[in-house]
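Common to both upcoming complexes is subunit A, partnered first by subunit B, then by subunit C.
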Partner chain A sequence: MYRYDEFDARLVGDRVAQFRGQVARRLSGELKEDEFKPLRLQNGVYLQLHAYMLRVAIPYGQLDGAKLRRLAEVSRRYDRGYGHFTTRQNVQFNWVGLGDIPDILEFLAGEGLHAIQTSGNCIRNVTSDHFAGAAADELMDPRPWCEIIRQWSSFHPEFAFLPRKFKIAVTAAAHDRAAIAVHDIGLRILERNGVVGFEVHAGGGQGRTPLLAAKIRDFVPETDILDYLEAVLRVYNRHGRRDNKYKARIKILVHELGAEEFSRQVDAEFAAQGGHEKIALPQAEIDRIHAYFAPPDFVPVSAEEAALFDAAQAADVDFAEWCGVNLHPHRQPGHASVTVSLKPVGGAAGDATAEQMDLVAGLAERYAYDDIRVSHAQNLVLPHVPVVHLYALWQALEAASLATPNESLITDMIVCPGLDYCNLANARSIPVSQAVAQLFAETKYQREIGRLHINISGCINACGHHHVGHIGILGVDRKGEEVYQISLGGRADEKAAIGGIAGPALKAEDVPGAVKRIVDTYLSLRRGRDEIFIDTLARTGMEPFKEALYAAA
Partner chain B sequence: MPLLKDGREIPNDWVFVDGDAPIEGVRAVTVPLERYLADVASYEGRNAPVGVRLQPEDDPDALVPHLDRLELIEISFPKYTDGRGYSQAQLLRRRHLYRGELRAVGEVLRDQIFYMNRSGFDAYETARADLPSVMEALREFRDAYQPAADRRVPAFRARHGNL
Partner chain C sequence: MTSVRPKLKPDTPKAVTAWATRTGRSVWMRQDGTWSENVGEAAPFLGVEAEVRLAEAMGQEAVVTDPYFMEVTESGRIAGRETIRETIRATGPTFIFGEGI
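Moving on to the complex of A and B:
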């Protein structure tokens, strides 16, 4: 994991001091709220329905035990004893006092954490594959480039007042777990003739105008990537729309110009850069950053130890069930990546208590090379676990309600905070997700259904990623009533697609039954268990599902 | 309106003349880009200092042939959340090596000054930030992660002995 040196530490420290001054000027009335707003947003501070919310950055979702423990302590000291992990691999504290925030930031900085650019019209936290550095299907570890991009984009003086927010995601695996198609820039790391480089996609995004990113370059060599990103950002900063907030994302610029013309303008800007303007990252710096992400010294797992793991599964069906669902193949023999589910039936997706955070921190240190990730599906991940530790790990997680065996199953829903917290929301998300989960609570049933992503947003801004859910649920306000629109067929992976609306919106109490009818239809139509929901839907089209959904009405 | 430059508050001798209002009787004058380009020869032949004021949508590349003769370029921030002026400044300073004064005018608040300075501005016309607070803002960060139009050595070089 990347560790701050004196430069990083000083930058973050200076930021804390700067924000302390800004808060003091706000509290004294010297700064008006509309002047303060962009400043607080660039430090992750929102004014929500009931209180200020602080969003803390977790660059590309990576934590270690000490950092996670520090987050737990923040929730205990300054909040209500829990935090919410987000789809952008960050964490949010929902009940903080504005006057406390400078102290919180200083406390976080002590452990190498910050809230820089977690909101506002600037380049946001860079996100990536939560199995980075571990997955068997990965070409290389994307995290060093995520860190390089993090540094380049932090406090970038030219791009702090963009037309709108700007999100970059990076993947290096065959299976895209970073959802690069729905980001302002999506980067896929490739190798061509021994040279590492990036396939560049631009103009993806969700919100009220969901669009998939277009590929604007097949290959940008690693030595050029920051200059190329700078060209993209400059074209966007100068020509992105500023007349209408809802048309200000880069996706609208790419869409209105056409991907070809947009790409031509970026190429022209890139070509116009003089030699003296090039960033020219020294190889020594590229090497320095890569060194932080060297794989851990994996302990060899003996045949006897592997046999113990098999025996534990044979002896304990609950453990075996969890292993069957929440483990991901690791490139190192005798190891697995573990999803620590933050989706217990009846819970709020992505929420973790201080005690749970402390527990996972300790388990990571004891069993998992002190490496923890936040996934964009709002779970925690222990990327490297020797199989010999899995049984003890599972028992500890199980005792803390962190071992729900539902990774990528129907109750592993992505859910925004919705009207319970958010002042943008039109409808509640959490209670709807709980009602749906209740109906599918039984693990055997979930496993029978197989991989199925339900994503729920409480408004059109789509923080719950409903556009790319296999089943998407969008809460809307209809004359004062919260109703829910169902969409089908979205996906966020390498076959990314925007879901299509199935029909008229439903009342909250009708949503679980509607999902049940969709699932029953799938189970009756699928060609065997290997054909997951989204594939059946692609084969049959939406009609039979629509019919089942609305036949009763 | 107070004008801050080089750590001092200095008198503003320049007058911006908008549209096609007459400039007779004005000494140091700035005019809109379009007006300047329409009649470059007469401005260059003028026996008094001339500058140009850019609006956010203006293309600073249009000034490239004339940069040597411009003493002042003003970049206008009609709204402080409109960040196009930062790109204009970077283009003028870094790409085109403009050496004259680059002045931020319009909605210029204390908390933009650091980024403005990094982008190449060296003068700030503002009623909203006094000299001590501007000086403080310029020192808020001791380091930078990326090269820009100022002299700060980016961390990725400083780490390796200014490589």
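Moving on to the complex of A and C:
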């Protein structure tokens, strides 16, 4: 993992000290809320329904045992003993007091954690594939590039006040697990004639105007990428709609100009950069950052050990079931990537208690080369686990309600905090997700259904990614009543699509039944178990699903 | 302001609610102008008096943040189209959370 140097530590330390002063002035009344709000947002502090909320950055979702333990300790000392992992691979604490936040930030800084650029109109946490550095299907590890972009974008003076927030995602795998099509910039790492470079997509986003990113460049060589990103940001900074918050994201600019014209302007900006302006990333620097992400010294796994793993599965059906669902193929023989589900049926997606965080931290150190990821599906991931340790790992997770076998299944939903916490919400998300999950609780049934992503947001801001859920659920306020709009056919991977609204909104109590009818329709129409929900839908179109959805309602 | 809430008519009873600046907890103004974390102590205000009370609250930046009107019944109970939101704000998330997980 990347280690911050003294320079980083000083920057973070200075920022904490500065914020401490600002908080003191707010508490004395010297600063009014209107003056303080932009300052607190720059430090990840929101004001929600019940309390302040602190969002802590987890760059590209990577943690180690010490960092996760530190998060656990924050939740224990300053919050209510739990944290909420988000689809932007960050963590949120829901109940912090403003007076405590400077101490929390100082405590986090001691472990190299911070809340910088987790809010406000700047370049936010760079997100990536949660199996980065481990997945069998990746070209190379995208994390060094996330780190390079993080360093370039952190405290970048020119991009501290963009027209609106800016989110960058990077993937290097055939299967896109980073949802690059719905980011302001999405980067796909490629190799051409031995040169590493990036396919660049721009102008994707969700919110009230969901748009997929357009490809604006086939290939930007690695040494040019920061200069190219700088050119994109400059064009956006200059022409983004500062006059209208709802039109301020880069997606609107790319859409209004057209991808071709946008791309032309970026190229012109890139060409106009003077020699003294060019970053022209030196190879030595690229190599230096890559060295931090060298794979762990994978222990060889012998044939006997692998046989033990097989025997354990043969002997314990629950373990075998979990292995069948929550393991992902690793590029190193004898290893697997493990999804630690934060989606127990009846729980709140992405929530983990301090004890659970401590446990996972310890397990990562003991069994998994001390590497932990937060996935954009709001689960934790142990990317590198030798198969010999899987049984012991599973037993420990199982005892802590962390071994729900549901990765990418119907109960593995992305769910925003909704009206239970969020000041912007129209309707609750979490209870709806719980009611849906109850209906599909049985693992066998979920496996029969297969891969199916349900995403739920409590308002049009779309923090719960409902636009790109295979089934999307959006909470709407209808004269004081919470109702839910269902959309179908969204997806966030390499075949990204925005879902289409299926029809009139439903009452909360009707949502689980509606989902059930959609699923039943799929099961009756599919051409076999290999045809997952989204593929059946693509083949048949929405009609049969709409019919079923509104038949009994 | 964090909260832009629906506008209420002058003759609609309303409580003044805000967040305690230090803790962020939701608070409601009592009849005597002090603040309570208990929604049951919210005082209903009407017409001009309500406006005066809100202005008073706005002048207390160090104590409370983002005060606004919340619709209530004549006896001060949460009412109107934001009943769900305000009830959740007053009583917390509607499912078991945190250490109860």
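Observations on the model:
Following the convention adopted for this analysis, the second predicted complex is superposed on the first by the 549 of 553 C-alpha atoms of A that agree within 3 Å, B and C clash if a C-alpha of one lies under 4 Å from a C-alpha of the other, contacts with A are read in each partner's own complex, and residues count from 1 in each chain.
The rule is simple: a contact is a pair of C-beta atoms (placed from the backbone, for glycine too) under 8 Å apart; a residue touches a chain by one contact, two chains touch by 3 or more.
Quick caveat, the model's predicted, so the values are computed rather than measured.
Per the definitions stated earlier, placing subunit B and subunit C onto a shared subunit A by superposition produces no clash, and the two fit side by side. By the touch criterion stated above, A:11 is placed in contact with subunit B alone, subunit C being left untouched. When the two complexes are overlaid on their common chain A, residue A:281 makes contact with subunit B while staying clear of subunit C. Contact with subunit C, but none with subunit B, is seen for A:480 once the two complexes are overlaid on the shared chain. In the superposition on chain A, A:98 contacts subunit C only, with no contact to subunit B. Once the two complexes are overlaid on the shared chain, A:140 sits clear of subunit B and of subunit C alike.
The gap separating subunit B from subunit C at its narrowest, counted between C-alpha atoms of the superposed chains, is 15 angstrom.
Shared contact residues of subunit A, touching subunit B in one structure and subunit C in the other, are absent.
Every residue of subunit A that touches subunit C in the complex is listed here, in rising order: 26-29, 31-34, 37, 47-52, 80-82, 96-99, 344, 347-348, 351, 353, 356, 401, 419-421, 423, 425, 428, 430-431, 434, 479-480, 482. Across the complex, subunit A is touched by residues 1-3, 19, 21-26, 60-63, 65-66, 80-85, 88-89, 92-95, 97-99, 101 of subunit C.
By the touch criterion stated above, subunit A contacts subunit B in their complex at residues 5, 7-8, 10-11, 14-15, 17-18, 22, 35, 38-39, 121, 151-152, 154-163, 234, 237-238, 242, 272-274, 276-277, 279, 281-282, 284-285, 288. The touching residues of subunit B, when paired with subunit A in their complex, are 80-84, 86-87, 90, 94-95, 109, 111-112, 114-116, 118-119, 140-148, 155-160, 163.
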